[in-house]
């Protein structure tokens, strides 16, 4: 092929495209022990130059990898206070991701997330302090307690819906708080369990190495939470639940086709509660203590603000929101109560303008653009009149639509040109040198599609007898006879075809 | 059960009912769970505190220590609280209703916006006024009556009577006035209301202002018993919300019955010696959870017998 | 669809032609999102005219009613009502202008009735009296509606949510009649009703002593023939045939 420049085709000229060698076989590495691939590549051919192209269809893993590796690389160089902020961010983000699993994937509006964390944390800490269980076992006690708490909490969720369940879980959190504060054994510390053993050696606590170790742990926790998210939300359970989300009809549909979405919901709830139990045990170890503050409404509202700012029901929203709110809440401590006002203001503005938080803004914009485009197309069809908008959505080659519109306009322009004089001119000389108007009309006729195109058939070899036929346009299907008129001169036949075509043009 | 306990229960019930009815009416007519109800409550309390504080010297100078002076103070307190509540309602209308009321996801977004307003207001009040409790003048005066051996404080009696009067007026307004009819029509079918010439934007403003004024009234009455503080709104909000839910969101009679039930429950639990005030909240929640598990649509579900 | 064989202008219709135009719809298109339901509709309604709008399910009858009251997703084109332009381009805010249009004098009995289940029949009818005059003399008007629909009289204090489908339809039409409108839009008055009851509802509709024009959307042409001044057909979102008095073969 010569060295010609091909301009990119399609609506996404900015997309980075790979050009793999056309002779090479396509190969992708799989995640070990599974049939999944690491990245979702889409192979295609450029319709213009037929070169092989390779596009990353889903760029989310890339963004995740960049953001998380940035966090790991940058944090060790930060001052001590910022390191602890980063660790707290990781813990909150992990809680949020698991909460998103409950609210978004399972669709249960639970406010008992922190209560589960707190109950598991308290149990693990109590086991450590009062029973002398060594700290690695706390990470087993935590999920166990979380599992039980989740199972207990999940039971009424099948019966109550929406707000009623939210209220119930809020009540559970309050009951937990009161219970802990009232405990006789803890009155000296105001309900807190202190002196919890931890993976951070006591000498390092609140020192730089201890903080870094704590951050490492918190980061692993976040990775674990994201793994749980991936395994639950994008695998079987998540798919089952995705079918049932949306409306009552969807739920009825699921029941009709045998998807037990209630069971799936409970399973997701219990799984994420167990995971929250791990977070609770970690929380107790990270701070070496746990206080009833974790059950308080303020803390819950702060977490809720994170989810809302990032976007309810999305893992990336949960993490982004946690980052923003933690930065404001812990990073700008000198602002005092103003920082909560700032969080509230961000929450307010984001909610007024964005349908689904910051991470949903892109989709919202796309929807808006799509809606506008659809409406514009619907408005426009009045002028084109060729493709109904419903049809226009289905036609894959959009050029077809423009071609139809062009033809329609051309016809509209040609119609007034057809006058008795024009027809007389053609009758006088079908093949000769024509006027501009007639030349234009004939040009249009020549470009017509093969379907139903008129042709002239000589009836017998050597004889001057002609008939007019129409081509079927389908290979192997013979032309059909239009009428049984016979023409004795070729010019008459030419003119008859012309008249038929003019008739079709005027009728269209 | 002695009479004092009954009066105490009624006192609680009156204030809870004021909050819960506001939340209930708002949910069914405007479709919004108003989490900023607590903020309205706190702001009204502070407004009344500021106004009465400013008026005190003036009133003392003009009327001296007469009955008229305390009457003027009472009027100033109640009217300023009502006005501040109504203004808060207007602000909520402008922020949480008008920009998004015909956009997708409206109920959840309205809830989040009002929640943000609530958090912001509490922190803002803390920032401006500090965490100190402020006492309001006692409009009903100090003292108590002795009826059948029970002691009834003036402020308790005043609260019960005041709340009953305000609620009666509200219900009568809803029931008999033309605007009330429009509100009720909108509560039941928004499209039908539009075809009857009832505009959602126009009707929502008075509803929000009314419910705000109800919260303001609750603040004025409760300030006779407790102090005004930035976080004063949180407990009435939570109580109002739970009672509205108990009553089956949207049902006004359900909310009133719920308020009575919870008022008596709290009074009784608080009076039991070994349980005491500390377990009041837990007992309330436990009771509501129990009711909701038995009747998922709350008390209102029992009262409603029309078919869809 | 029925074959429309013979049509001629009756003397009644001829008299109507002299009346002023009440509603002029010009090149009205409307739809929901990317879906376009109405295609450049033209229709003129004169004061006092009763128009039957016929057409199959899903061919745009209801959408046209909704477009006149701004209840569709988007619309464009001109609608002149009583000399005031109420159409125009609009791509969002379904229902925002509807109450205003109702106050201008368009009364609607929508499809599915849009009733208030928790209100009594009397209160329900009062809701319809949105003008000052109607509100002042609501008692007389309600009494009049009981005269038109005698079945409603014993049900005055019953909740509308407990009524049967036919009674609901009567309540819905009664609410529409409470204020003096210039244009009455009635969507599928016979939908979902037993034939006997739907006939009775239609009889009541024809007997209404209203001054304004009336558009009745109906699938069952036989309920309209002989009574409507004009019958307009709708097919695939376009006007098909605008004929005078029609007789059915």
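Labels for the chains are A, B and C, by order of writing; each one numbers its residues from 1.
What we mean here is this: contacts are C-beta pairs under 8 Å (C-beta built on N, C-alpha and C of every residue); 3 or more make two chains touch, one makes a residue touch a chain.
Nothing here was measured: the structure is a model prediction, and the numbers come from that model.
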*What graph shape do the protein chains here make by touch: line, ring, star, complete or other?*
complete
*Of all the chains, which has the CA centre nearest the overall CA centre?*
A
_Can you work out the whole-Å distance between the CA centroids of chain A and chain B?_
42
*CA centre of chain B versus CA centre of chain C: separation in Å?*
43
_Please output the residues of chain A touching chain C within their complex, sorted ascending._
371-372, 374-375, 377-379, 381-382, 388-390, 393
_List the residues on chain B that touch chain A in their complex, please._
33, 95, 99-100, 103-105, 108-109, 112-113, 115-117, 119-120, 123-124, 126-127, 234, 238, 241-242, 245, 249, 278-279, 281-282, 285-286, 288-289, 292-293, 296, 298
*chain C to chain B touching residues, read off their complex*: 69, 71, 92-96, 98-100, 102-103, 108, 110, 113-119, 123, 126-128, 130, 135, 159-162, 175-176, 179
*Sort out for me which residues of chain B touch chain C in the complex.*
102, 178, 181-182, 184-185, 187-202, 304-308
*Provide the residue numbers of chain A that touch chain B in the complex, in ascending order.*
156, 159-161, 163-164, 167-168, 170-172, 174-175, 178-179, 182, 297, 301, 304-305, 308, 312, 336-338, 340-341, 343-345, 347-348, 351-352, 355-356
